[in-house]
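Look at the two complexes coming up: chain A is in both, with chain B in one and chain C in the other.
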Partner chain A sequence: MEKLSFSALLRFVLLKLARLGLLLAAVSAAAFALVSYSPIDPVQAYIGADVMRVGAEQRAAIAAYWGLDEPPLARFFRWASALAGGDMGTSLIYRQPVADVIGERFWGSLLLMAAAWLLSGVIGFTAGIVAAMNRGRLVDRIVRWYCCTLASTPSFWLAMLFLMVFGVWLGWFPVGLAVPAGALAAEVDWLDRLRHLALPALTLSAVGIAPVALHTREKLLDVLDSDYILFARSRGESGIRLVRRHGLKAALLPALTLQFAGFSELFGGAVLAEQVFSYPGLGRAAVEAGVRGDVPLLMGIVLFSALFVFTGNLLADIMTRLIDPRVRERGMPK
Partner chain B sequence: MLEIAGLSVSFGQYVGGFRRRDIPVLNDVDLDVDAGELLAVVGSSGSGKSLLAHAVMGLLPENAVVRGRISYGGRTLDESLLRKLRGRELALVPQGVSYLDPLLRAGKQALGRQRGLAAKKRVRSVFRRFGLAEQAEEMYPHQLSGGMARKVLVSTAALGGARFVIADEPTPGMEPESAAEALQALRELADGGCGVLLITHDIEAALKVADRVAVLYAGEVVETAAAGEFEGTGKVLRHPYSRALWQALPANGFRALPGVQPSPAETASCCSFAARCPIAAQECAAGKPPLRKLRGGAVRCWVAE
Partner chain C sequence: MKAETVAVGGLGIGMAAGRYSQGRRRMVVGAIMLAAALGALGLASLAIGDEALRTNLPARHLPPSWQHPFGTDWLGRDMLARTLEGLWLSLRIGLAASLAGTAIAAAAGLSAALYGRTADRIIGWLADLFLSLPHLVTLILIAFVCGGGLQGIMIGVALTHWPSLARLIRAEALQLRSADFVHASRRLGRSRWWILSRHLLPHLLPQLMTGFLLMFPHAILHEAAITFIGLGLPPDQPAIGIILSESMRYLNAGMWWLALFPGLALLLLVRSFDRLGEAARAVWSPRRSHH
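Then we have the complex of A and B:
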């Protein structure tokens, strides 16, 4: 009864692929439209301080070299057709293929986001369970107080607070970058990397705990008030074993959905945290590309992050189906 | 085996913010069930039937205030004794599908805390006895029909080796044959030496299997009678409400009693049935009659004789 037929699976995959195609097309069109109305002149941003030494002719030459003399629509289609051929273009500020820049920067961000994602998920879920099992008691009040405080704190502000306390006053962690400044790549070991990762990851996860914990708590409270818990208790089940048998799976659903569907917030948070900690990830590259008018890189990052968020949502979708038999049947007909 | 004496249950509620008020739901309930006996507690909805079951199992919500004494096998049924008996000697058969964990397969739920191949085989044989196909073990609650879900719930009691079973509305939603089977299963449990407390609003079905019947009205036991006394026009019955309940059945005249059941709070100092009673006398509005013994049964009425 729960074996999935091949055709149902195929339909599911095709539907998701079609959605992804539409999403990417819409996102890139919107992003390009926004960029072309941006007041930033890429040539000006590129030249920077050398503005006195670069004449009008040279500016025109740079613009022509980059293809900026064409109308925006023509540029968009040229970019799109190159993309269809697998070419994401060349970054103006890094002078490297966009794919390479994203690939390199993404690893830094991935490490940061994965650490924050795991930490916030595990801590948030545990805190939610503990709070629900001790409803109204001190532990519960502390968890709720923490969550409400953190949920109303801007993450960049928290990042600066951590930077001041742990980086400057206590000096436990470095204040920025991903490796010690001035060190050769060969001299950097994983401990150094970990120390540099700690503060940004801590910031990101501290903020991410609140929603997971609160949703888990709420769901488990619902479960604990349900008829089937009453029945389980009438059969002598109690305490942690009762929660493990009847509550964990149910509470895991919102937590997992939230964590996977929260990739967008994770990415957004990473942009801010990387900025504050000068951490060289994709988020910082996005900010630079935006500020300096690096259209190919910005477009690449926009597409990439859309794909990233889409993947998160897809995973959430699949997880829910795997765990909840009711959704499984509704979503994928036998 | 099970004795309930003067059981009252009320719920604390905050009115207007700070003033705490107790809302009574069960009032001074006396019941007793012997080993091998099936006692049916009948009453319309809102009479406090389910809460009676939860009170015995010690599963009332935290804001419930319980007075009176419940004893089991001569010992007071308190939390420490309950902890030993729940899931072993003492079993509850709850109302419906919402009492099954939606994320757990039926076979696994029936097993409960039991493990091992022998237990699995027992589940299979009990399921078969109640007419549940083997596939039902692998089904999730949302895939079961209402009748199937109730059968799964009834099987849990048969599986646990219970000595005392409280069944809370075990039959609605079942096809008549299955309902009869489920009730018959309870009867068999009783014949095997179990005490059975059957809580239901279906007087007709209950009479087929019960030894005695207790009638609940507005949170009070108004009469206990032998099952056989519900016959003919019901003139052997002691309380006018029992008679009205009996005569409201399609086979016995289909006469509905006008008026509605009051809440226990409204009738704290008078007979709870006085307002609807065809034979009410002056004293009925002046004081609450006690439950007294009468002709082998018991009745809560000033007038009955």
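Then we have the complex of A and C:
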């Protein structure tokens, strides 16, 4: 294996960092511009149900406290400079720093997404391989039918079905939340957490299987049609051995790339799954921020999700470079 | 209407490709059946009126029966009627959103291909920007900015779905631009607009229609998701997502019919559009490999 030169690596890292900086700057500017045109009054969102008890002067005081009486551009620069210093503002509905809210909630979501990501990747890849090896036969048709149906299934509805069947009827899994209701944090053991994680993760992975399986199937079929497979067959290789020796690596790379590039869909799916199962993660926070008009939290989550998707794409990129010798030689000159 | 346009497009493109006739027939049959189903849905939602949707408290929480095939909800409203109404509303929102999305994609893709490097860079960068956020987060943001309501959903769905189709259109338009007949036209002094409307658009029409057909089911799904979350429509406009989110409260009580049937109906609708889109792609872009 060729050794990566240090300067090429440095250039790669710097380029990606510059890209990320530009992206985050653009996303925050665009999102801020959008939000400042929203008809939803942030003061109102802050007051919430106490409308009757807050007078005009108090409203003005609240607006001044949050800096809402300044023009949008001034607010943006204040917000952006605070952001650059690591301060993302204070969430209106949780009444604590946005960074804390995101940090706390992200771990729940991360656990959920990681479990779903692994499950869907392994199952999808296997299903794709099996389908391609049995091209045109019943197994292949079943896999394809399953994938196409799942691709048109509303994921939140699937979550509700799981909830009804496994949660309500069979009673195998708890109906919601990440820990038993009312339990202290110290009393919650791993088994409980896993039991609460199972249904959301299952939903999320069921949705993620389809793209990987279909993509893997296509790629493996491409490979199986190639000349070197014909040659291998003419030497007498066949079945699983043939695929394992000549096809697996070629199919694995696109599948991995797709899985990493699918962080965006994963995040969106997590929002819905968390909503159905009342799972306290980032997705639920995003929904609440949107519904109740918590602008600082919404902005924080928008930026964080951009970072998350960027990370996925970056990992896909690195994976491609590490595994695929063609890209490695083109992309990182010595 | 849809079946007609699809059939005409199929005839136009299909001349060179006799061996796709089976796929084409399947597509036309599918399109006609879907159009019939849509027509029935539209008629049904017109015919239902207020009678079936009126509160009827003695008949609340009824499980499915012959009189109420989908059961009734907590106000005694017929779930079949509500589902049909909801589907019809979701369908119209999805249609508007994906038409807008296709238009944006066409405009963006063509401008990127035809108006020089700077335009190409800017549009490519914009597309990257929209792809850099999860769709649902963008949807929440835009729905929030628009203050909820139909408009926010439509704008959100249109804005999140154009980038991939725009890239396709751009690539295709770049190829077409260097074709001989376009060069000839340009040498003959035809204007840019003339070339665009006479040469490029007719060639891009199949791509655009396939893109639209494939975007449509996604648009409906995203519309359902955003209304499910509670950021979309007010409860008096019961899109399918709202019906499902309301049924959430009754799942614990074992009222499975409130969630099962509306979701199943949505699934069937989306799935048939998806199949139509796939069939259209198979017929109109023979380059696709495995089937």
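Everything below uses one rule, namely that the second predicted complex is superposed on the first by the 333 of 334 C-alpha atoms of A that agree within 3 Å, B and C clash if a C-alpha of one lies under 4 Å from a C-alpha of the other, contacts with A are read in each partner's own complex, and residues count from 1 in each chain.
Operating definition for what follows: a contact is a pair of C-beta atoms (placed from the backbone, for glycine too) under 8 Å apart; a residue touches a chain by one contact, two chains touch by 3 or more.
Keep in mind that this is a model prediction, so the values were computed, not measured.
Undergrad: Putting chain B and chain C on the same copy of chain A, do they fit or clash?
TA: fit
Undergrad: Using the superposition on chain A described above, determine whether A:234 touches chain B (first), chain C (second), both, or neither.
TA: First partner only, chain B.
Undergrad: Once the structures are superposed on A, label A:226 by its partner contacts, choosing first (chain B), second (chain C), both or neither.
TA: First partner only, chain B.
Undergrad: Quick check for you: in the superposed arrangement, does A:194 touch first (chain B), second (chain C), both or neither?
TA: Touch partners of A:194: none, neither chain B nor chain C.
Undergrad: Touch test for A:324: chain B only (first), chain C only (second), both, or neither?
TA: First partner only.
Undergrad: In the superposed model, does chain B or chain C contact more residues of chain A?
TA: So, of the two partners, C touches more residues of chain A.
Undergrad: Identify the partner contact of A:29: answer first if only chain B is touched, second if only chain C is, both if each is, neither if none is.
TA: The answer is neither, since A:29 touches no partner chain.
Undergrad: Centred on chain A, what angle do chain B and chain C make, from Cα centres, as a multiple of 10°?
TA: Superposed on A, the angle at chain A reads 80 degrees.
Undergrad: With the two complexes superposed on chain A, say which partner A:249 touches: chain B (first), chain C (second), both, or neither.
TA: The answer is first: A:249 touches chain B but not chain C.
Undergrad: Which of the two partners, first being chain B and second being chain C, lies in contact with A:10: first, second, both, or neither?
TA: In the superposed model, A:10 contacts neither chain B nor chain C.
Undergrad: Looking at A:37, would you say it contacts chain B, chain C, both, or neither? Reply first, second, both or neither.
TA: second
Undergrad: Just to confirm the geometry: in the superposition, how small does the C-alpha gap between chain B and chain C get, in angstrom?
TA: Across the overlay, chain B reaches chain C at a minimum of 6 Å between C-alpha atoms.
Undergrad: Under the touch definition given earlier, write down the residues of chain A that touch chain B in their complex.
TA: 1, 226-228, 230-238, 245-246, 249-250, 323-326
Undergrad: For the complex, which residues does chain A have touching chain C?
TA: 23, 26-27, 30-31, 34-35, 37-40, 135, 148-149, 151-157, 160-161, 163-164, 168-169, 175, 217-218, 221-222, 264-265, 267-268, 271-272, 275-276, 286-287, 289-291, 293, 298, 301-302, 305-306, 308-310
Undergrad: Could you pull out which chain B residues touch chain A in their complex?
TA: 54, 57, 59, 83, 86-88, 91-92, 94-95, 98-104, 112-113, 135, 138-140, 142-143, 153, 156, 160
Undergrad: Looking at the complex, which residues from chain C come into contact with chain A?
TA: Interface residues on the chain C side: 128-129, 131-137, 140-147, 217, 221, 224-225, 228-231, 244, 247-248, 251-252, 254, 256, 259-260, 263, 266-267, 270-271, 273-275, 278, 289-290.
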